[in-house]
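Pasting in a structure now, in structure tokens, and then I'll have a few things to ask.
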Amino acid sequence: MVTELAPRQIVDDLVLANHILSNEGVLDAFGHVSARHPTATDRFVISHTRAPELVEPDDLQLLDLHGARVAGGERRSYEEVAIHAAVYRYRSDVGAVVHSHAPSVIPFGVTAVPLRPIYHMGSVIGHEIPVWDIATRSGDTDLLVRDEQQGDDLAAALGRRTVVLMRGHGCVVAGADIRAVVFTAIYLERNATLLMSASALGKVRTLSEGETQRAAAMLRGPAGERAWEYWVRRLPAHRV
Amino acid sequence: MVTELAPRQIVDDLVLANHILSNEGVLDAFGHVSARHPTATDRFVISHTRAPELVEPDDLQLLDLHGARVAGGERRSYEEVAIHAAVYRYRSDVGAVVHSHAPSVIPFGVTAVPLRPIYHMGSVIGHEIPVWDIATRSGDTDLLVRDEQQGDDLAAALGRRTVVLMRGHGCVVAGADIRAVVFTAIYLERNATLLMSASALGKVRTLSEGETQRAAAMLRGPAGERAWEYWVRRLPAHRV
Amino acid sequence: MVTELAPRQIVDDLVLANHILSNEGVLDAFGHVSARHPTATDRFVISHTRAPELVEPDDLQLLDLHGARVAGGERRSYEEVAIHAAVYRYRSDVGAVVHSHAPSVIPFGVTAVPLRPIYHMGSVIGHEIPVWDIATRSGDTDLLVRDEQQGDDLAAALGRRTVVLMRGHGCVVAGADIRAVVFTAIYLERNATLLMSASALGKVRTLSEGETQRAAAMLRGPAGERAWEYWVRRLPAHRV
Amino acid sequence: MVTELAPRQIVDDLVLANHILSNEGVLDAFGHVSARHPTATDRFVISHTRAPELVEPDDLQLLDLHGARVAGGERRSYEEVAIHAAVYRYRSDVGAVVHSHAPSVIPFGVTAVPLRPIYHMGSVIGHEIPVWDIATRSGDTDLLVRDEQQGDDLAAALGRRTVVLMRGHGCVVAGADIRAVVFTAIYLERNATLLMSASALGKVRTLSEGETQRAAAMLRGPAGERAWEYWVRRLPAHRV
């Protein structure tokens, strides 16, 4: 019974988050989204290894903050649950995590151009986004974050921020809850696309730090619900 | 009863305009379109705060030219009704207004490249498009146009033109009626995309001022009805 | 009765051509495709003024080589039937004509970069594509080709070639029959997109004149039928 | 009976591979995918000349390693079965071959920019991708690989690698089996798109040779099944 794993609202939102992030082009067959258990806060909910677009309530499992399965059956976990576990360990304020290979984000991880918000909708990504390189400590790897040391190192690079890029791999987005992290992951993708277009035209004026903070605070308000309703309605199964 | 708000034709066109602008990629969960009341000309019709793709007749409200709700219930208005109110106050010739974050328009608000028509279909945006920056008068904000002074300032930047860009935010499009403003908003988006592509190739020849005026005048003719029929038919609910 | 206008095969192919060119992104609400009458060769078949995606057999009309309606009712013709009439007058080898504002083609009409085939599929556009500018003779206009002199001038620029670009407007594609002109119009669009991408990377090697001729000759063979079957199946109404 | 051609699993996977590669934008009306017969290893299975999206089990034929039809009827073969035959002759480790004109790959065949993996998902294309030019030996042609000498020359350029680009034409992808070659062909397309975007931003850091090898080895594991399930579900006929 999935309701043993987490409250119904968490389960429902997490399944929708998997579908929305696929439908909006943030995730493909790969990447994942998780949510911290609201009361057993040293646990988080995430699907076993399956393409996000196909995730249903029965696919969810409960893991501890070292990535070990606690409930939800024996099916194999994603290779990189260490990413989620590490962020939840480091950040008690974080209630949901997305790891993606969102297309427009990849170029900013392999070039020297910083990814910055250029419009108010992009402000949710924060003023500064670090690029973490697994090779700095681990040398040549398959790029996956597989153990606690790598997870610790990545979480430290994230720090108190919302987004960290992973060189040659993708990004991690941290948020207060599932809907917030979905919002940030989608506008991270949109803002990165727009910044690439703008950069091709010439020198780009990005948002100031003050604008970024004020716009992000505004977007943490009712705007989130308007967007969530829209993204749900766009899902093939929810179209009227 | 929505028919109390405005004539049926206005209501129907405004709902379709919301759906068309979403379906054609001009609006996403955000942005809005409004229409001036045809007889009570100090009133305009606009949805309460909802993603445009989901707007139905019952979502519409009637507002006065200071953005106060006059009819249509107590549901919360969009944060930026001040944009619409200001344009209707300043421009008695304007019957409809779109505010969007159309993707291809954003880069022209944050770089020094002027957005100009490069083909006859783009002529409806006008020969010259100013870029308005909220920071010039208001400093660091959340970028939203929230009060009458900011609305006045934006409307003054628009002047007698059809389009004004908003740095780090989006744009405003003004038109004689709903179908005209939808036409302009869509070809603003298309023309901006093409100008970015052309700019990457080299120096771009834009339309002359005379060509812009003549082509725009031509497109105010029956072309608009041909396009409106096409955009309606492309809506998922209207596909044959 | 549409069968009075032209043989059933011409009518059916012309309606499909309208739908295919819309579905494949070559036409939107604007642009048009026509076919010469196979026996009354001083006539051509084209829709009255309607978005191509919506054209049905009853929308077709028969025009003479001066653009005057001969059969199919009194509904208004497209503004630019002069384009089609002129090409059929000048080129007895041409059985079908497309006029489009295909997005990727526009940038090559307003910059100095020549549009050339860069892969074998693009060879059908020919080795050399001229850019015709209506302003050279007519000065400031609305860019539309409205009369016989303008049509003559455009047809002369096309010469014996397959494609001519129109500065600030679009292009004309001429072909032996409907399926051939659809094939060329679609791969003109694809090749132009690829050339823009390649140009951003660096100096581009285009096909040689010999390669262009040989590949185009090959593609005039059974490849056309394979592609036509595919494009028909992709139409919403023809999906299995 | 198609089961006479090859085991049911090969037939089913090959039909799905045709549909997936079309649906994911790697193939259009052109290009093809084949599989070596698992026991009669001097035979391979491929459709007669038909757009891949339309291929069904009855369209498959069995060919020998010189491209001659052995079973499956007399319908005409693709013009370029010599590509498949040559790769199977040269590489006993290869169980499946894709030949495509994948859009994002074309620019790397006509410019001097090397196509390299820039993220772990792209590692499956290998560290180094040669560009083969048919003109080097054959001069002006229609670019098609039509005979054994051309096939030999192309296979030699491929060598022990996974991908070879064909100047002005497309690419060949070789893999251990159908699902592997589909995976590589799709991420070849994705990685090429991302490398073009990154190149526009500035100097790009590609994966090291060690990272490429380790990530590719990892992706030969269960990741392939996750992706295959996802791509099947995205097919119009398989959507739930």
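Per-chain numbering from 1; labels A, B, C and D assigned in written order.
Just so it is clear, contacts are C-beta pairs under 8 Å (C-beta built on N, C-alpha and C of every residue); 3 or more make two chains touch, one makes a residue touch a chain.
Note that this is a predicted model, so its numbers are computed, not measured.
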Partner chains that chain A and chain C have in common: B, D
Where chain A and chain D overlap in contact partners, by chain label: none
Between chain B and chain C, centroid-to-centroid distance (C-alpha), Å: 32
Centre-to-centre distance between chain D and chain B (centres being mean Cα positions), rounded to whole Å: 46
Residue list for chain A, restricted to those that touch at least two other chains: 200
Chain B partner contacts - residues on chain C that touch it in the complex: 28-30, 49-51, 53-54, 76, 79, 101, 103-104, 106-113, 135, 139-144, 167-170, 196, 199-200, 236-237
Touch list for chain C against partner chain D, complex: 118-121, 123, 190, 193-194, 197-198, 200-208, 210-211, 214-215, 217-218, 222-223, 226-227, 229-231, 233-234, 239-240
